[in-house]
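A, B and C label the chains in the order they appear, each numbered from 1.
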Amino acid sequence: MTAGGVFAAALQGVGVAAGAPFVVGGMRQVRARLEGRAGGGIGQPWRDLRKLLRKQVVTPNGTTVVFAFAPAVIAGSALLIAVAAPLFATGSPLDSSIDLFAVVGLLFIGTVALGLAGLDTGTAFGGMGASRGLTVAALVEPTIMLAVFALSIPAGSTNLAAIVSTTQHHPGQVVSPAGLLAFVALSIVIIAETGRLPVDNPSTHLELTMIHEAMVLEYAGPRLALVEWASGMRLTVLLSLLANLFLPWGIGGDHPGVAGVLVGAAALVIKVAILSTVLAAGEVFMAKLRLFRVPELLAGSFLLGLLAVTASYFFVPALGGST
Amino acid sequence: MTTLLLVPILAPAAAAATTAVIGWRRLSAWAVVLAAVSVLACGIVLGFRVGTHPQVGLGHLLRADALSVTMLIVVGTVGTLSCWASIGYIDHELAHAHTTDRGARIYGVLIGLFLAAMSLAVLANNLGVLWVAIEATTIATAFLVGHRRTRLALEATWKYVIICSLGIAFAFLGTVLLYFAGRHAGLGASALDFDVLRAHAAHLDSGVVRMAAGLLLIGYGTKAGLAPFHTWLADAHSQAPAPVSALMSGVLLAVAFSALLRIKAIVDIALGTGFMRTGLLVVGLLTVTIAAALLVRQHDFKRMLAYSSMENMGLIAIAAAAGTTLAIAALLLHVLAHGIAKTLLFLSAGHLQAAHDSTAIADVTGLLARSRLLGSAFAVGIVVLLGLPPFAMFASELSIARGLAGAHLAWVLGIVLIVMTIAFGALVHNTSRMLFGEPAADAPLVRLSGAAGATLLVGMSACLMLGVTGGPLVHLFHLAATTLGVSG
Amino acid sequence: MSSTYANAIDLTAGGFMLAGVMIVWRRELRSLVRLLAWQGAALAAFPFVEGIHQHDGALVAVGIAIASLRVGLLPWLLRRAVGAEAEDRRESTPLLNTTASLLVAGGLIVTAFAISRPLVSLDPSTATRAVPAALAVVLLGVFVMVSRRRAVSQAVGFLMVDNGIAATAFLTTAGVPLIVELGASLDVLFAVLILGVLTGQLRHTFGDTDLDQLTELRDL
């Protein structure tokens, strides 16, 4: 619990909270430009959030406290991950109590909260979205655990900061079969978890094709703003984790000074910008998968994660020239 | 000495080359028969010269010991009978436009290559050469099985090629692993030679040898028609032309099993006798049971003969599991007797198929009344298969039973006796319908050419001779058993 | 230097196994043949890398020969067999759906890693440690052979088994004696030729190479 660590954690929370809509806006802008449209600009999601916050709180009849509090739960869990994970520096004070499995659990809490809210509305679309969303989440959980377990074997611990610093000191292991397989598996997982193409189209207006959007159809006003903001934060946090687990250069150390944290922040901004641009550009060329094909894709990513685990157990990587 | 080792391989290859050049003519057809006779002759000559030490030739690639000589005699005998019958078969096919000149030429070439590959397999001194030879037999027989180009023949060929190629691939993996174990024990480049492996077997890593032995059992067991990899056997042996079925049933299965015998000799030293004994017992019992069960409901006499071959291979596997000198010697006698009897039966079945244009048991009635020669040839073959005296399989089965009892495997003997009774009953039931009684009114005439009749007569007398006088062969079998290193 | 060698072997083994997994995943016959060619390239890389590491020119030559056979000749033969197929080139309702196939593939890979423990513990060098990948490809190839209905897919599965076994040979002992390697390569070539001719005959006689039609020979 160092001052630098606390500063880093606070800055991470503020940075992710503020920057998440910009990430979403950036991705939308990239897609728009590639599709030949002008687009709404990077700041459009913030403008949408401001508009929604000024609206009246509307609660459908028959919903309970679940519907009311689910947005807060999902936003809170995303913020907690943002504060605890090694995004700007590895010395966050919450880091020792949050390891990989905790991160996976927090993400899952958010998904379940939203699914329960969808069920709580009692509408057909809410139920449909909830069932689809939880199916995808259930299929994705094993892969997340396997992929990050594969990364944790060389580090000998599931603590995120330990994994990041091991990768910092032995960059060769990223290029090993285990590393590459884990990267591909995690990418597919992130696409599924955040509801991007080809699993789910975030900009669709056809209710029968929705997964995530169908769960939040009944939300309006400030609660909708909270849900949208939380989705953006989840996307940002997952992209940052992907960047830092595999390309950790620039991140601040265990006892970072202010300069180290700022450098880490700048590095992360650049990495997330690049990753989100690549993701958005890829989405332009992909079509959404039919729902019954999604398990195939997720089973494939599960297999890649399994391969990553077996590879990292049996191909003991040549750490710094051993063998 | 090297000449004697090379002739059985080169003579059939030369006959195949002759057929490739001049097509199927009298000359090339008789060249193939002559090649088979030369294989038999070399086997007999080597039989007199071989002692307790194997003779090696061609730079340690080939060897002649008592086991090779025994197998060479089997190959030669069955080969001679089949190639002699092939002449009549191909003539009949050409006359009735079931095949073309090109088809006959391919047949002649492949038969020659098949014989050469089998001779190479029994004369190999080296696991690698053995593997190459057995793979070559699969390749040579692939198009022989599909010679008739009918739908059923193609289906049988596809199953045969796929299953046997997969089996052979596993055998290759087993060979690679054994080579790995040998290299790791410091054996150098000759780590696949039988003598070298046997001398150093105790130093091989047992984990790797266990994997290798399992893979080799699966691989060569597939080629030998042992369950549960037997599914190609009935189809391939029933759809192939009769002389080819005779060669495959009579001797190819046994050649594949002789590879297992050699491997067993090595593995028994490396892992103790328990591993291969258990493996062969499980596989052998499964094989005889499945074969007997499938014999009960047969409607096709060629498939019936194929399943009978499978049953006999299972019995041979059980005898090998017993592992005593008596059991191994009896096993070799069983191989020879079964080879000749199966050849006789398949050749007769071929004539039946030619006359009736079908292989259904229900279509054949009153055979003994219609043709004394064909009927008695078929009957003699069946009597040999049933294990009745005075034929050789009576002596071999009795000795196998004594071997099992001597190896403390009496419970296996019990199961085998029950299963074989079932098979006995099934065979008798099916063939008595074919042989005895009044022929149906529209039964076709059975015409046998002089050469075909002579082939059947020679086959019958060979069976009788083998049954009455074991003679010098018994000594050879005992020598083979001793060479394989068994005791007791 | 040795860590580059270890990384090269690891990467090649990973690519080898990944090509095998993709062959289980994909259905179109043309993609299968292309993936098989990639796997052949990975196979040829094993003796190539070994040869460079041990300064052994013969191994490098063997690697080049294998590349020409398994990347050039054999896929070309298979492409000809595929090209002669009529209508759509996709696998027609395979025996297992994709999700189940992928899960079975995962199970087979773990099995392969488990059973190859004695091999790795006997000789824990860099090359032998990659043997589990080769054995995994062997098991995946058997699975492909068993679960496909088109003749060309079964041939692809058989070639995968052969690739895996050849990789095992190279990784454990830097190849078996030359005569055996020669015989094995020739046999593979002949097997593929036979399978190709048979596929043609099957198509000529049955009008299709859907192997489910080959069920006329049975006992019960």
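Just so it is clear, a contact is a pair of C-beta atoms (placed from the backbone, for glycine too) under 8 Å apart; a residue touches a chain by one contact, two chains touch by 3 or more.
Because the structure is predicted, anything quoted here is derived from the model rather than measured.
> In the absence of chain C, which chains stay connected to one another through touching?
Groups left after taking chain C out of consideration (others unmoved): A | B.
> Looking only at C-beta pair counts, which chain-chain interface has the most contacts?
After tallying contacts for each pair, the winner is B-C.
> When the C-alpha atoms of chain A and chain B are each averaged to a single point, how far apart are the two points in Å?
Measuring from centre to centre gives 65 Å for this pair.
> Chain B to chain C: how many Å between their CA centres?
About 31 Å separates the centre of chain B from that of chain C.
> When the C-alpha atoms of chain A and chain C are each averaged to a single point, how far apart are the two points in Å?
37
> Which stretch or stretches of chain C touch chain A in the complex?
Contacts found on chain C: 2-3, 6-7, 10-11, 13-15, 17-18, 21, 25, 97-99, 102-103, 105-106, 109-110, 113, 120, 125-126, 129-130, 132.
> Considering only the defined contacts, which chain C positions touch chain B in the complex?
Within the complex, chain C touches chain B at residues 115, 117-119, 121-123, 138, 142, 145, 151, 154, 158, 161-162, 165, 168-169, 172-173, 176-177, 179-180, 183-184, 187, 190-191, 194-195, 198, 201-202, 205-206, 211, 214, 216-217, 219-220.
> Where on chain B does chain C make contact in their complex?
Interface residues on the chain B side: 128-129, 131-132, 135-136, 139, 142-143, 146, 149-152, 154-159, 161-162, 165-166, 168-169, 172-173, 175-177, 179-181, 183-184, 189, 192, 205, 207-208, 210-211, 234-235, 238-239, 294, 297-298, 303.
> If you look only at chain A, which of its residues touch chain C in the complex?
For chain A paired with chain C, touching residues are 172, 175-178, 180-181, 295-296, 299-300, 302-304, 306-307, 310-311, 313-318, 320-323.
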